[in-house]
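So the structure is just underneath, and the comments pick up after that.
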Amino acid sequence: MRENVVIRTVVRMAVPFIQLFALYVILHGGSSAGGGFQGGVIFASAFILLGIAFGIDEARQRIQEKAVVIASSLGVYIFAGIGLLCILFGGNFLGYAAIPLPFDPPEVRGLMTEAVEVGIGITVMAVMTSIFYDIASKREEE
Amino acid sequence: MAAVQSAMPVCAVLLPLSAAVLILLSRRHENVREGWTILAAVANFAIVLSILPQILAGNRVECTLIELLPGIDVALRVDAFGMIFALTASGLWVATSFYSIGYMRTLREHALTRYFFSFAVAIAAALGIAFSANLLTMFVFYEILTVSTYPLVVHTETEEARRAGRKYFAYLLFAGVSFLFSVVLTYYLTGTTDFAPGGFLAGTGPVLLQQILFVTFLIGFAKAAWMPMHGWLPSAMVAPTPVSALLHAVAVVKAGVFGIVRVVCFVYGLELTAEIGMSTLLAAIAAATIILGSLFALQQDNLKRRLAYSTISQLSYILLGVALLTPMGITGAMIHIPFHGFMKITLFFCAGALIATAGKEYISDMKGIGRQMPVTMLMFAIGAIGICGLPPVCGLITKWYLVLGAMQAHQLIAFLVIITSSVLNIFYFFPIIHTAFFEEPDDGEQGVREAPLFMLVPLVITGVGSLLLFLAPDLPFLRLVELAVGELVGVLP
Amino acid sequence: MKKWALFAVIVVGALLLWAEGDIPPFGDPEAPAYNHVAPRYIEQGAEETGSVNLVTGILADYRGFDTLGETTVIFTAGIAVLLLLRRGGRL
Amino acid sequence: MISAHFPVLVVVLPLIAAFTAFLAGWADRRYCYPIAAAAIAVQLAISLDILREVLAGGTVRYFLGNWPPPWGIEYVIDRLNAYVLVILLLLSLLCCIYSKRSIGREIDPEKTVGFYVVFLLLVAGVCGIAVTGDIFNLYVFLEISSIAAYTLVASGRRRKGLLAGFNYLIMGSVSAGFILLGIGHLYVATGTLNMADLARLLPALYDSTIIHTAFVFFIVGLSIKTAIFPLHIWLPDAYTQAPSAVSALISTVVSKMGVYATIRILFSVFTVGFIVDYLPIMEIFAWVAAFAIIAGSVLAIAQYDMKRMLAYSSVSQMGYIMLGIGIANSIAMTGGILHILNHALMKGCLFMVAGAIIYQTGLQNIDDFKGLAERTPCTCAIFFIAALSMIGIPPTVGFMSKWYLALGAVEAGQWIFVAVILASSLLNAVYFWRVFEYAYFRHADADLPAREKRELPATMLAPMIVLAAGCVLFFFFVSIPLAIIEPVVAALLGGA
Amino acid sequence: MIEEFLAAVIMRYNYYMAVIIMLVGLYAMIAKSNLIKKIIGLNIFQTAIFLFYISISDVEGGTAPILVPGADVVYVNPLPHVLILTAIVVAVSTTAVALALVIRIYESYGSIEEDELLELGSERP
């Protein structure tokens, strides 16, 4: 791809806003339209946009494998970890109310819902990015 | 009649099995391996003998292993009838073990570990059949017998052997399926499969179903080689001769006949068999097989094949005896199991000796062989005379009882069949003796000597045994038969 | 293949068209789907789960385990693509 | 008490192990195998405890998130679940152990990590299906295991595996779509997703076409997953082209899970009242199954590739299970459900044997098996036992299935089914005996160069021996599974 | 009679639309030889199922199930939304795996037409 300054500049400017919006969507899942899946995909779209603008192979090199591995595991860890935490505090799996926080049960539940959404968001973001780059990057013939 | 609990029947079945394992483990040392075979054979015979006094005293020896299904145990029970078969099989196994070693070593056969392994398993299965207390246990051992004898049939690994093996397996597996169906149906009708003298099937299910069941049972016992389910037996003669001798003249085919007798006497009961008209069917099949088997035997030039058809014919004596449904007939049938075993194994041993030492398989090649191998051919003559039913060999006793039975039942046709068949037997056996002793050998056929002692001694023993059984038939077989028939007759009308 | 496809489509189509006749009309407030489990979600959902967005509330709380499964599906897909496509590297 | 949470832990544990294996594998790919094996072993222990508890105290229920059904998701473990769960995990563990060395030749080394992660996810998926009491939850876990299965099938080095995986994926997705539609229709009609709740609500709606449609969608969808005869087309390629450990895994674990789901949907959601009394569905089912038994066996006879032959044999064996369920009297169903265990033992063992032969000699075509028994005596002996079991010759478990199915068919007066069951064992004998004859009673062609022969590693041999021993032992101790199965059957049929 | 029938159809037009789209997808999935087109068919099929689910949730005059405090409004059924969110994720995942497979197939066979692939067989050229 020929370098196109306009595109690259616009992308560079847009990416932080997309990421911010993604965070908003993730974190506001409980109180308005949104949630971890939606936010995670939006977040991934920022990386995908970077890839399209700067060349996929180049962008791929920048996204470290380590980060993808850790992020995708981290998200599900958060989710499952919260579930197990509930067991630890005497509830059933994912019975958020059991977690002893100084709030009313519904508030605890709401809070935990947000936490879970963050976990979902991280995994979705990492996996979507990873899938996109795996599929899109040109690989040498076998 | 008391039932004695004892582990001995289980030992009798497990001993050959453990011998099989030991054979497998010592596959690298042939003397050790064959030592196990002989040891197991002798020990096994001893175990069976140790049960004998109990049986002769009129008791039953029982042993229940585990409950397999509701109402069905894997259970062993030794009664007089089972004892007859077990005694025959385990006794002749001793002779055959020695003979096998001589025969296989003379011919330098391969894969002997597999051979002795399968042989031991087959004997275990035969004993299991003899001691089975119910149909399911019998079926289990039946299938084991089928599977374990297959490697013996295909032993030579030639294309012919494989074809024979396929035929063998196809027949017997089909029969096994039919047997299984019969067991299932019996269980469905009665909720049990335990053998009982006088049967337990009476009064259950419509007559048509019982008739169908009888036919599927008969097909299930294709091991009895009744026509037209006999096709596997002549082909199976490609097996090494000891296999033909013990398995296809004693263990396998007798297991089939044994099964039919068991079913007629201990599942249906004589009364029911007569009532649903199945004794006529059985008698017809048996009569046809006796005559046709003899006629087929006449046409064979291959000695083993002639013996095979002779076996087919002789087995149906037993079926005919049972079909007569009279005490004498059944006595003749049961006594024929050991007697025919002794005589036919002698004949096969002789045929094997001819193959192993003289390399002769065809009767037309055997001119004058009796002068070179006098002992072998003498024993052959004894066996042949016995099969024909002439004195002084034990075959006469069978014929005697069968004829008496036929008269008891007022069955002139059965009587005629037995007489005709005896004549046919003479026709197909005496030419062999004539060829062997009285024809001049072809040129350049000198230097054939007697078989090695490993083969000669067993065949002399079985041959002389056939003579002795004529002189003292109640030691112990006739006594056992009397017990068994007494058990059955006690419930006869 | 085309014939088979057409056959399958016709069978499935006929089945569905036949079935949809009994489905409650579009937007029917009397439909069972709206009246058995859903009312509790709508009436008490916000109170019980602390999420004003009922979808999120159900997603992450009432049926949170489905969502864990769902996340796992995504994760599985990620690993699957990685397993199938990536060559070299440490994974 | 932690044991109260076992129902959920049995599913969550492999999930967490999968994530952990992924992380650990990034550090060193040798960590993956022990993590996977340990996780599945612990799961097996947990499932045994669950089984014990279910046998002692009846059905175990677990409310996820403390939400009572039908609002939340509920786990319901009765004897059937526990029984299936133990079988699934046992086979998974054995396949996992077996895979340690067997995948070495079939999968690129750098793919080991992904392989074990996906393996664990598959196990998590099937466990989820086995314990859940919520149909949508069942769908989600079905998808986890399916996606994992597609991937594993395509993970080998053979390029045909890719196509097999793709076709499996397309068929699997259609099936999942149908199941999803079935769930949707049930939801439209009742407004609930909980199985017990559905079973309670459905009888009033039997006349509704929605229910009928939902039923058809479920049956077709599950039949594709289970590979019931005319819908089996994805199966032979998938089983043949997958790496051996995966063949063993999906032929036992994944297919059993499909069978379980079918039983669950038929008997616990629609219940006997619908499938036997209201519509004569089960009769049709039985006929289809009978056809599958024969067709699968006949097709198996026509194969020359060992794994392909086993694959068609699976089609036929699934028919056994379905026939038992289709005849729908207690004896036949006992046979069908018993065959879930038996088939898992036999077919797992046979696929492992096929893999071991490939590992040792590189041979896969039955024509090349001449004289194989001399080169691989152990493998062939194990094959012999498992094959006898498939034919149904005692003393092996295959006989027990045949016995119960035949007895059940006799009791139902369905003589044709009796004939089918008995005939199929003859057909089985034809194709297994061919292998046996080649391996034992033919000599290798003399002009072939002596191929390299490898020793079979203990990690491959041990699972095979365990399964073969199981084939024999469960003949004698068939009362153990029967003690579990008989109440299951009574409960499933009790709704009538 | 016809009017009733038409009314019945029109009252459920959403479901019939979903069915039609579903059939399009199903047909493409089975009949098309190109693997990518099969995947597209799969997606159409799945989307139709989503449509089916989403229309279950609708209630006359209903609004999105995000509570508006104090207002007296009818909310649509949130449960199908949740379910379909899951189903969408599953569909995306399936598509990703399918695409990955197609890429690998193209690499090793050089084609993505099913009939050609079947001819090419298993051995690498």
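Going by the order they are written in, the chains are A, B, C, D and E; count residues from 1 in each one.
Keep in mind that, in the parts below, contacts are C-beta pairs under 8 Å (C-beta built on N, C-alpha and C of every residue); 3 or more make two chains touch, one makes a residue touch a chain.
By chain, with names taken from UniProt: A, C = Ph adaptation potassium efflux system protein b1; B = Nadh-ubiquinone oxidoreductase chain l; D = Ph adaptation potassium efflux system protein d 1; E = Ph adaptation potassium efflux system protein c.
A quick note: this is a predicted structure, and the numbers were derived from the prediction, not measured.
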{"item": "Other chains in touch with both chain C and chain D", "value": "A, E"}
{"item": "Chain nearest the global centroid, as defined over all protein CA atoms shown", "value": "D"}
{"item": "Chain separated most widely from chain B, comparing mean CA positions", "value": "A"}
{"item": "Which of B-D and A-E has more C-beta contact pairs", "value": "B-D"}
{"item": "Chain A-chain C separation of Cα centroids, rounded to whole Å", "value": "21"}
{"item": "Computed distance of Cα centres, chain E from chain B, in Å", "value": "70"}
{"item": "Mean-CA-position distance for chain B and chain A (Å)", "value": "79"}
{"item": "Whole-Å gap separating chain A and chain D, where each centre is the average of the chain's CA atoms", "value": "36"}
{"item": "Chain E: positions in contact with at least two other chains", "value": "26, 29, 56, 66, 79-80, 83, 85-86, 89-90, 93-94, 96-97, 99-101, 103-104, 108"}
{"item": "Chain B: positions in contact with at least two other chains", "value": "none"}
{"item": "Contacts with 2+ other chains: residues of chain C", "value": "16, 21, 23, 31, 33-34, 37-38, 41, 52-53, 55, 57, 59, 61, 63-70, 72-78, 80-82, 84-87, 89-91"}
{"item": "Pairwise chain contacts, counting only pairs that touch as defined", "value": "A-C, A-D, A-E, B-D, C-D, C-E, D-E"}
{"item": "Complex interface listing, chain A residues touching chain C", "value": "29-37, 65, 69, 72, 75-76, 79-80, 83, 93-94, 96, 106-113, 116-117, 119-120, 123-124, 126-128, 130-131, 134-135, 139"}
{"item": "Residue ranges of chain C touching chain E (in the complex, touch as defined)", "value": "1-2, 4-6, 8-9, 12-13, 16-17, 20-21, 23, 25-29, 31, 33-34, 37-38, 41-42, 45-46, 52-55, 57-59, 63, 66-67, 69-70, 73-74, 76-78, 80-81, 84-85"}
{"item": "Chain D-facing residues of chain A, complex", "value": "65-66, 69-70, 72-73, 76-77, 80, 83-84, 87, 91-98"}
{"item": "Footprint of chain A on chain E - complex, ascending", "value": "64, 66, 85, 89, 96, 99-100, 103, 107-108"}
{"item": "Residues of chain C that touch chain D when the two form their complex", "value": "15-16, 18-19, 21-24, 31-38, 40-41, 61-66, 68-70, 72-73, 75-77, 79-80, 82-84, 86-91"}
